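In the two assemblies presented below, subunit A is common to both, partnered first by subunit B and then by subunit C.
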Partner chain A sequence: MNTKLKVSEISKIYPGCIANDKVSLEFGSGKIYALLGENGAGKSTLVKILSGVVKPDEGEVFLNDESIKLNSPLDAKKNNIGMVFQHFNLFETLSVFENLSIDSDKKDKDLRVLVDSILKKYNFKIDLDIPVLNLSAGQKQKVEIIRCLIRNPKVLIMDEPTSVLTEQETDDLFISLKQFSKDGILIIYITHKLKEVLSLCDEVAVMRKGKVVSVSNTIDEKIESLANKMVGENLNTIKKKINNFKNSKEILKISNLSFKSDDPYETNLNNLNLSLKKGECLGIAGISGNGQNELFQILSGEIITEGTSIMFRNKEIGKLNPRERREYLMAFSPEDRISQAAVPELKIYENVALNNFKSSNFFEKGLVNEKKIKEHSKKILSNFSVNTDNVELKSQFLSGGNLQKLIIGRELITSPELLVCFNPTWGLDVGAINYIHETLIQINEQGKSSILISTDNDELLKLSDRICVIYKGKLSKIMNADTVTAEKLGILMGGGSID
Partner chain B sequence: MEVQLIKIEKRNDVSRSIYFLTPVLAIFLTLFGGGIIFYILGFNPIEALKFFFITPISDLYGLSELLVKATPLCLIAIGLSFCFKSNNWNIGAEGQLIFGGIVGGGVALLFYNHDGFYVLPIIILSGAIGGMLFAMIPAILKTYFNTNEILVSLMLVYVAKLLLDYLVVGPWSNPEGFNFPETRQFSESARMPILFDGLRIHAGIFITLITVFLSWLILYKTYLGFQIKVSGLSLKTAKYAGYKGKTMIIIVFMVSGACAGLAGVGEITGPIGQLHRNISPDYGFTAIIVAFLGRLNPVGIIFASLIVALTYLGAETAQIFLQVPKYTGQVFQGMILFFLLGSDYLLFFKIKFLGLKKNEL
Partner chain C sequence: MSFDLNFIGILIGAIMASSVPLILAASGELITERSGVLNLGVEGMMIIGAISGFALMVVTDNLFFAVVGSMLSGLILSLIFGLLTQSLLTNHVATGLALTIFGIGMSAMIGKNFVGIPGKEFPLLFLNLKESIPFLGPIFFGHSIILYFAFGLPFLTNYFLKKTKTGLIIRAVGDSPTSASNQGINVTLVRYSCILYGGAMCGLAGAYLSLIYTPQWIENMTGGRGWIALALVVFATWSPIKVLIGALIFGGITILQLHMQAVGLRIPVQLLSALPYIMTIIVLVVISRDSRKIKLNTPTSLGQIFYKEK
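And then the complex of A and B:
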């Protein structure tokens, strides 16, 4: 069975932005195609067009040389185009089998036979009769894939599938995808992770600003060449100097800290111990939901603990709230930049005033000193290259990258001794990520310390001096970054142990 | 079968002028809705609306009455705006008003045979403190025991009402009052000065205006006001910025209770002059509508209080001239809130029709 999929001169224009600009691509079965691009490059729009969620303004889609109309997701299904989205669309409380049967018009008995044969064929190990909420992210994704396979897809589109997976689960997924490809399914793999493109895909199409800028065989490409195509400029890859902190002063020490939450949806933290030296970056890896949130809040003072459990520059700070901790020169950049680190309805300068440190004089004698706040905000906007100089702008109109620069800028302009950041670059484009990474390396070079809680292993390996992994509220032993590999992290993140 | 698919989306950029114009739209829709109701009841809608909204304020006495009614409404609504802006739902202003009235009235009775310039200020102050203390009950229960302030503050209204009932029937009833459920008349020096002879408008209006100005100052020009604003928009951010959430909850309830207490004491020392069972025609509840109609903005609340006060007057005129019950006033207040919430919904969300889709289930 040979499948050919062709998109021809597809354009989609949103107010103020051309999402797809005359995109033409050809795909044939038996190969795995990568669609690579930064956030906002237009790959999601193209995928949405192929899956019938969005209608193109111009252009056509051909399946096996026949023009097809994709007016709804149902049309895509009818044309045997399957799609696995980044976020799962499963009913958590229903069983795996119930989730599959909702979407299928087959009789339960026939469906079970079919599903069993798929499980066998691809060596998936999933209990069909347990509720989905008991599955790991990797297993949930398999359920989504099975849901597509039931319909005998000719085309399978995977949208950034590895963002929620561990290293091992990713390896598993790649094995399955290669098998599907052998069985004649055309696979389109959307990602912004360059390594995955090289290890998995046969051909790669790079998109930038709504246009296809290159189509090539992956054999001819390297990480650097793809990165440059994706960003459109030569990125100077930043490298961190390896430092030796043996003789540096200890600035933060957490000893025997436990946290038991009343909220069943929060993770309890269990006997945490860590220490941090001046100028050092400690990376904390882990799959999201393993206690990172709680750990961040304990560091920032949103959760208050016993005074002695956290020592910062020889002072007990466990009982202090975030504002009081800032007085001791700590700074915090939370994961939720949109609605926690900033308030979208507030103007930029008002968001800057949230970090009301003592010497700022933002509020003199309880009164708002608007002039001072605005001056200070202007300084942040220019020092941290935020793409506006209008401090009256509501922060909801800033792009993710600019908002994150504003937040990091707000936190850093007080020259804190310690910056705690939590997933500082999620959802940002390569340019902004680069900027944030440079900034984080810079503060270490200036002798300031940082704690980086992140779910992005590449980021952790690039920026950290030492790394540990959080799993189910427990920290692994802390390792020197140069002895850590992505594989080791993957094992620890999945709850395994290494010697 | 074909079905129309509808999607509701949040609007991102709501213009400020439209934000303040929708309350006006809501008022016009209320007039329209009221017209229809009058028509159904068999009246000429234009005539009826004229009796309701024009006749009451067509003379000086009417205007004075309007201000007499608007004074407590505005004062309570200003206090409530502190609570509502910071996401604290104080529904019990009526109870705080009554309790303020009880404390202020108690002090006034204590001084019933005293004369002196100091009497009235002491009464006013004690009324404010009474309301404040009463409002601290839901605040403290919320901060330390995680109770729901909506329920607690609402329930306390009935506690205050029954307490007042008990006092005016029992221990505080007028010894020469033939067992009527009311206290003695307060002495002259315990009464709010009347501004014009023959009209009921009293000095309480100055208390309201000063409070409005102070509230504007606090809400827009101080650190406390900034903290209230941030907490109202995002509690997560307030926590992250390190604002003392518990202290702030107690402060906003105190402010709001004090304002309601002042309103109560203004009523009993102003137009009423004694304590009896009905010292407030639900001002404390109606003020919730005033606060939202005024967009929780001090200036907006002034206008809103005038309009809502008019529904009280209009109801009375309508009762006399059209023989409809005075509760029509509450119907109008309800309609204002209904139309305001409705137009707000359409202001903040847009409804998208995605076209007809075949339903293949």
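And then the complex of A and C:
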């Protein structure tokens, strides 16, 4: 049976942002459609509208030329629209089978037969009687998919399905999706990953700032063409000119620093030595869990060490806490944006005030000067291209990219001498990554220094002047970036040695 | 020997009776909490149930009306809690505390005219069997219908939560209201129902106190049993059967320590009075120490306010 799905002139406005602006798209069964866009482009909103979770302000949805009302998730189910959310909608403490049965009108016995047949048909291996919290992310996703398949869906929508999957799990998922498509299910695949679009999908619609900007066959597209459409401008490949810092002043020196942790899950650091010059970017590579967390915390002051072990601009700062270090013009951007760098429940301007709570500008006689904080926050939002001008917005409503821009902006607006960042582009889309990279290069050009702890080698090679590798809490020799290749990094990251 | 056995039987019967209000209130609260709602108003709803039951008994002279009325009054009080927490999205903890304070004050006000009035005899079942069978007789027979109901309730609750679709939905809502809502479950309706059920059970627990256990009205007669019931639910890790065990231990030690006080053991009275609380917690912690099971039984969203995305 053929299925046609059409969305017509859909609009949805949130305070401070237009999530969907007159979006019109058409889909037909037998094909896999990609909905491509940066974080915050409006893909997820459109998908929530199609699954009945969010009501559009304007516009209609047609299924097989009939207008359908999607006022609740039940309506979507009745119309055989299945949806697998990016954040799983599973009940962790219930068993797999209970998760499936809660959604079904069938008797338990009949449902088990049906589920078994689905497991067999698509070669899924899942124990139905264990609690969901014991499953891997890939298995949880399969449970979500089975939950849709039980209802014989005409349409299956997948929202950023691979963000939590391993490579093997991703391959498996693609095989299944192709199989579903052959079985006549219309598949809409939401992503910001360009490679996936090209390897999986037949047609691609690109969204930007709430609008559909292009619809085309994937055969006619390349990674570069899609990236440009997604970001809306020609992405210039950033190249950093590597400087010679022989005559620059030394700004940071770490000597013979060791750290022994009481927590068995932390990594001990062993006799670290490094120095950083003014205007320089030092990259620290490594497979995650080799001591990067601890190193970042030692630099930021979350872990306090001996005073003499860290010298910053000729001052002993090892014993200082993060706030005191900020007063010496250091700045920090931690890895975990949500739980370390910002408080998601607080508004943007409140988060801005947080890392600056000693500033006499913001606080007078123990009282909060909201007006000044808000002005300051507005400046950050506009200077660092955050996609909103509403400083009252709760930070949790910012996409990852916008939140990272806010965090980096908050740090940089005080013009620090040193910025330490830890995986600053983790989980971001191309546009946001590009922006952060440009910003990091800019600060070096302004004569400020940076330390970039990252697990992304491309990023390190692009941005660093010198690079070293951390392995089991030990630093390798520090090398000039122009002598380093990805291959060399790989060897060092695995614990090998090069000479 | 037969006299001793019979005495032990009577003692066990008394322990069972004393644990009834705890079982009823805790079973009700357990359902409420399983849906993710933390109602700290148990004490308040119990005492309102106690005074309404007693007052209705005096006014109508009908025990059936008294019992049903007490359940209704608990339900109405919990409806206020529901309106505040589910519709107006107020904080569960603060609202529940307010409910208890309100209930205690309100009951004292209504109760002023009912102090000193004697209660009515509540019909006890199988009285002849109680007397004719030694030991087992006083354990199993000669109780009110509410006691039999109370002892069946944890098993019914267990079956309901584990085996029925409605029970599954309640557990799902308690686990993740957002997921449940995205699955098309009316979270607010489910939570309201659970709150009202909990209220009715607390009302019944109160009525048991003022109509059967000590058939009269005394101000503050629940004496903290509502808080014990709340603690039982948590320490029993939301398992109805463990609630029953906990309530029996608490009731048992309460009765035993009274006897010990009467015998005149040389242990400080304060220590003896504290014994039921300490022992109940120790035993429940010991039988519930399987951390995996705790994780599976704990309603993840307990006490969190849920609002639907629009």
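Odds and ends about this structure:
Keep in mind that, in the parts below, the second predicted complex is superposed on the first by the 250 of 499 C-alpha atoms of A that agree within 3 Å, B and C clash if a C-alpha of one lies under 4 Å from a C-alpha of the other, contacts with A are read in each partner's own complex, and residues count from 1 in each chain.
Basically, a residue touches a chain if its C-beta (ideal position, glycine included) is under 8 Å from a C-beta of that chain, and two chains touch if they have at least 3 such contacts.
Note that the structure is a prediction, hence the values are computed from the model and not measured.
In the superposition on chain A, no contact is made by A:Asp116 with either subunit B or subunit C.
Within the superposed three-chain model, A:Glu92 lies in touch with subunit C and out of touch with subunit B [touch as defined at top].
In the superposition on chain A, A:Pro73 makes contact with subunit C only, while subunit B stays out of contact range. With both structures placed on the common chain, the touch criterion links A:Glu350 to subunit B but leaves subunit C unconnected. Comparing subunit C and subunit B on the residues of subunit A they touch gives the larger count to B. In the superposition on chain A, A:Glu302 contacts subunit B only, with no contact to subunit C.
Touch criterion met: A:Val54 reaches subunit C, while subunit B stays clear of it. Of the two partner chains placed by the overlay, only subunit C lies in contact with A:Asp103; subunit B stays clear of it.
Residue contacts after overlaying the shared chain place A:Ser339 against subunit B, while subunit C stays out of touching range.
Using the contact criterion defined above for the overlaid structures, shared-chain residue A:Asp127 touches neither subunit B nor subunit C, since it reaches no partner.
Overlap of the subunit B and subunit C interfaces on subunit A: residues 72, 74.
Subunit B meets subunit A in the complex at residues 12, 220-226, 229-230, 233-234, 236-237, 239-244, 357, 360. Residue ranges on subunit C touching subunit A, taken from their complex, read 165, 168-169, 171-172, 175-176, 178-185, 295-298, 300, 309-310.
Of all the residues in subunit A, the ones that touch subunit B in their complex are 72, 74, 300-302, 321-326, 332, 334, 336, 339-343, 345-346, 350, 353-356, 363, 366-368, 396.
By the touch rule above, subunit A contacts subunit C in their complex via residues 48, 51-55, 72-74, 77, 85, 88-94, 98, 101-103, 131, 133.
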